[in-house]
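Once you've had a glance at the structure underneath, I'll fire off some questions.
The letters A, B and C name the chains in turn, as written, and every chain counts its residues from 1.
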Amino acid sequence: MNYFTDPILRAPTIGCILMCVAASLMGVVLLLQRRLLVGESISHAAYPGAILGILALALLGPEWEEYSFLAVLIGALGSSWLGMKAIERMERKIKIRSDAALCFTLAIFFGFGILLASWLQESLPQWASQAQVLLFGQAATLTDEHIMIYALLALGCTLFILFAFRPLQALLFDRGYSKSIGINTRSFERALFWLLLFSIVVGIRSVGVILMSGMLIAPAIAARQFSNHLKTIFLLSALIGALSGLLGNVLSVEIALRYDSLFLPTGPMIILVSATFALLSLLFSPKRGIAFRLARLASFRLRCLEENILKEIWKRREIEFAELKRHYHPILATFVLQRLIGQGWVDRKGGVLTLSDDGQTRAASIVRLHRLWELYLTEQLGWQAEKVHMSAEEMEHILTPELEERLTKLLSDPQRDPHAQPIPQKRPVL
Amino acid sequence: MNPYSGAGFFEFFAILFQRLAQVCMGAPLTLATDEVQLAVLACCAIACGLIGPFLVLKRMTMFANSLSHTSLLGVVGAFLIGSSLWDGTIADISILLLGAFIAALLTAGLTETLSRLFRLQPDASIGLVFTTLFALGVICVTLFTKNAHISTEAVMGNPDALQWSDLKLSALIAFLNIGLVLFLYRRLQLASFDEPFAKAIGAPANGLRLTLFLLTSATCTGAFRAVGVLVVLALLTGPYLTARLFCHRLSHLLIWTPCIGLVACTIGVALSRSILSWTGMPLSTSGLIATFIALIFLSALFVRRRKKTRTGWTGSALPAG
Amino acid sequence: MSQALTIDSLFVNYERTAVLWDISFSIPAGTLIGIVGPNGAGKSTLLKAVLGLVKPLSGRIDLFSKPLQESRSRIAYVPQRETVDWDFPITALEVVLMGRYGRLGWFGKLRKADREAAWQALELVGMSPFADRQIGELSGGQQQRLFLARALVQNPDLFLLDEPFAGVDLATEKAIVNLLKTLRDQGKTIIVVHHDLPTVTEYFDWALLLNTRLIACGPVSEVFHKEQILAAFGKTAPLFQEATHLSAKSRVL
């Protein structure tokens, strides 16, 4: 079943994809401005205006019913603009905190919208279904005309971000600075404001007032996890948004087909898909994902343990396996030693462990770092000799070759540590 | 036969007081639908008015938005657990409250985890959690109840379907909130004003925060059918923001705020009835309440502005004294 | 001489940067000590670690030779003014009364003695005429004095003040310093995070110089010298900074 060509399916599919692209792009902007929840207020504030739009059309020009989409759009834009102005005023003039202003505005506007909707339901019931659709959206009944509007929107957002990328980047990163270098922050912010308004208001037809803000949030979060470069973040966000739009739609339809009359609404499905992407990226993205951070931490701790054991063997020339098992946790000791033996750092004869040549070199270099650091603390920073050991126990695993070189130079290639122990010298590289 | 049918705005109150007087003089207590509505809404207004100020002061209003949306999931969960029929009766109050608490804990827990462990910025954590859980709630409603109207009801409220059991629930929650504020007023004040200090002197700041979460969630659940998950936010924030324009003692605010909420709800019900009588149109009571709260707020702003220009006072946003 | 505060090998991280590195020192009771160091040196963090508001990576903190849980009632905290929302609907008196809440747990009630203590504290800082004022109407200096009164009302043995003189008028500053010295004479220990170097010798008995690591801690006459100050504020030991930051990054999730 082809979602892109079938005349019934293509409008919802393509429409949702385009809408999600626009929303995810704007979501990145909001994420970086730390104002993601503004989307919630905008979408809820749009509700009464949308209904007023329908009312106006019903009363003034009922013969243009197929243009109700436009009436809704204009009305929605109007009331969401009003809502944003109200929030601004509350924050500036009355000193209401931003979260309270957002919450109050969204509740009041939406409540008024409910009132209007009930009026519409009673007085012009033939138009009431239009209003009903606005709550949770109805992607399934999108038409090709809708695709046009969504395409325009997505194009508008993309083009703006493409052409205004540099000043946008400066604005998002540091508003004060960008103003000082002459960027017209006001017009930029105004442009962004209207783009945001459009992307939310236009999307209401597909996923509804209540869920629309969700379209902006998850893809941006997912994208942010993967990169620190703004361009990549925008691209990824749009991609993830598009995928979510597609998959949400597809899943909704497939499930309805497979399980008779189980119609799962598209809006929530898209959100669940994008939330899954967000969760996966939070867990598994390289560098920032939790899974990777845990792995990095675990491998660091493992390395510390290995190096401590190597040091132990170096100091005593040879150790009995059993003794190590007693000192460290038996299972852990066995596991670590297997690794060390397997990688060729340690030799085992019967129950006795010795270091291989490579093992000797490695252990010696760790001890060198330990003693260099101790000397650094006592000589350069005036620490007492009794206190430096703990710090060195940590640092011996951390110091990079570059830091080691600087230490050696700073301390003039020392031979003895503060406890008069010899500092293993660096073996010349052959 | 509903004694209020056909009543206009002022007649509504006349009938109300008449019936109240009758009850006081010994007549049996039978509540008309309007009165049930009024009672439930009154309890909601009181509950919201007592908790709302602390939510605003602790900057937890968008988090309350979050809790309010996820209460849908809580109610669905309660429905699944209680396997009651969603035909207008709620089987067991305790199960509903349990559903609310679990939803609240889930929301709070997930949001905190995203903030702390995953290092997500606060607005992103809140946003991601509540949109996902709400979407999940809507899907669960479709999957398990085969009745998509619940989602609409959740959002708009359905005060006409309110019953005695709903009244019990909202009254209980109102009492819980009254108890909270009565017994823990100073500590709530302390924890809202200066949380680090509160922790430093060993006051139960975290416990209070948790209690606030749970009660907010319960309040939203109790208001679920009465006004819906969005207008309850209007009841939580609006009256406080209005009262704050004139009053700056927390103890007084905690009296004004529920009163303003009560007024809005009462007028909402009366208006709804009178419009029905005059025009035959049953308008949404919760919509009327929200609109009225907005009107009260705007009038308060207007009055304050006139006061300012009259006394020629220009200063901070708050009047002196 | 009993030690009011003893810290041993304290390591504190913030996200993945080392904020406090291997801090060890001991302050005898009855000392008025100023903590100085550049921005981001960990001064506020040190106070927060002592109060248990921040969890250290490792290390030991003893207050009057006991852990925090047992000594909490003997310490008073005066946080930075900007941490608080001054628009909060609360009067000056109510702020001071807050100080008595530590001992009351969940359900205890305020008593007459508590109210009297609050009035006395207000009197002591010269704020009694403002008792019923909304805090938003108070000046910076008045707000600071209010915070101090709140600490006084707890009747502590140890005061921890975080930049109490920031944004405060000179008269208030002098008044507070005199009050602190009086308290010190009564045997209280007072630890102040201070931002103004020139006044250190005049205000404090002891000084603690901090720059992620401890530079020096001791009587002002011994410790507050040019080289120590340079070490605290200067850019020496970049190697140390780099190494410790590297370490902090590796150890934290």
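Note that contacts are C-beta pairs under 8 Å (C-beta built on N, C-alpha and C of every residue); 3 or more make two chains touch, one makes a residue touch a chain.
Note that the coordinates shown come from a computational prediction; the quantities given were computed from them, not determined experimentally.
Asker: Of the pairs B-C and A-C, which shows more C-beta pairs in contact?
Answerer: More C-beta contacts join the chains of B-C.
Asker: Could you pull out the chain whose C-alpha mean position is farthest off from that of subunit B?
Answerer: Comparing chain centres, C lies farthest from subunit B.
Asker: Quick check for you: compute each chain's CA centroid and the global CA centroid, then name the chain with the smallest gap between them.
Answerer: The most central chain, going by mean C-alpha position, is A.
Asker: Taking the mean of the C-alpha atoms as each chain's centre, how many Å separate subunit A from subunit B?
Answerer: Comparing mean C-alpha positions, subunit B is 33 Å from subunit A.
Asker: Nearest whole angstrom, what separates the Cα centre of subunit B from the Cα centre of subunit C?
Answerer: So the centre of subunit B lies 41 Å away from the centre of subunit C.
Asker: In angstrom, rounded to a whole number, how far apart do the mean CA points of subunit A and subunit C lie?
Answerer: Distance between chain centres, rounded to whole Å: 37 Å.
Asker: Multi-chain contacts in subunit C: which residues touch at least two other chains?
Answerer: Only 87, 253 qualify.
Asker: Touching at least two other chains at once: which residues of subunit A meet that condition?
Answerer: 95, 290
Asker: Give the residues of subunit B that touch two or more other chains, as numbers and ranges in rising order.
Answerer: 117, 119, 316-317
Asker: Help me check something: in the complex, which residues belonging to subunit A touch subunit B?
Answerer: 31, 34-37, 39-40, 44, 93-97, 99-100, 102-104, 106-108, 110-119, 122-123, 132, 135-136, 210-211, 213-214, 217-218, 220-221, 262-265, 267-269, 271-272, 275, 278, 282, 288, 290
Asker: Could you pull out which subunit C residues touch subunit B in their complex?
Answerer: Per the touch definition, subunit C meets subunit B at residues 15, 48, 51-53, 72-73, 75-77, 79, 83-85, 87-91, 94-95, 97-99, 101-102, 105-107, 110, 134, 136-137, 150, 154, 253.
Asker: Would you pull the subunit A residues touching subunit C in the complex into a rising list?
Answerer: It is residues 95, 290, 293-294, 297, 300, 373, 376, 380-381, 387, 390-391, 394-395, 397-400, 403, 406-407, 410 of subunit A that touch subunit C.
Asker: For subunit B, which residues are in contact with subunit C within the complex?
Answerer: Going through subunit B, the ones touching subunit C are 57, 117, 119, 183-184, 186-187, 189-190, 192-194, 196-204, 207, 244, 247-250, 253, 316-318, 320-321.
Asker: Considering the complex alone, what residue numbers of subunit C touch subunit A?
Answerer: Per the touch definition, subunit C meets subunit A at residues 9, 22, 24, 87, 213, 237, 239-240, 242-243, 246-247, 250-253.
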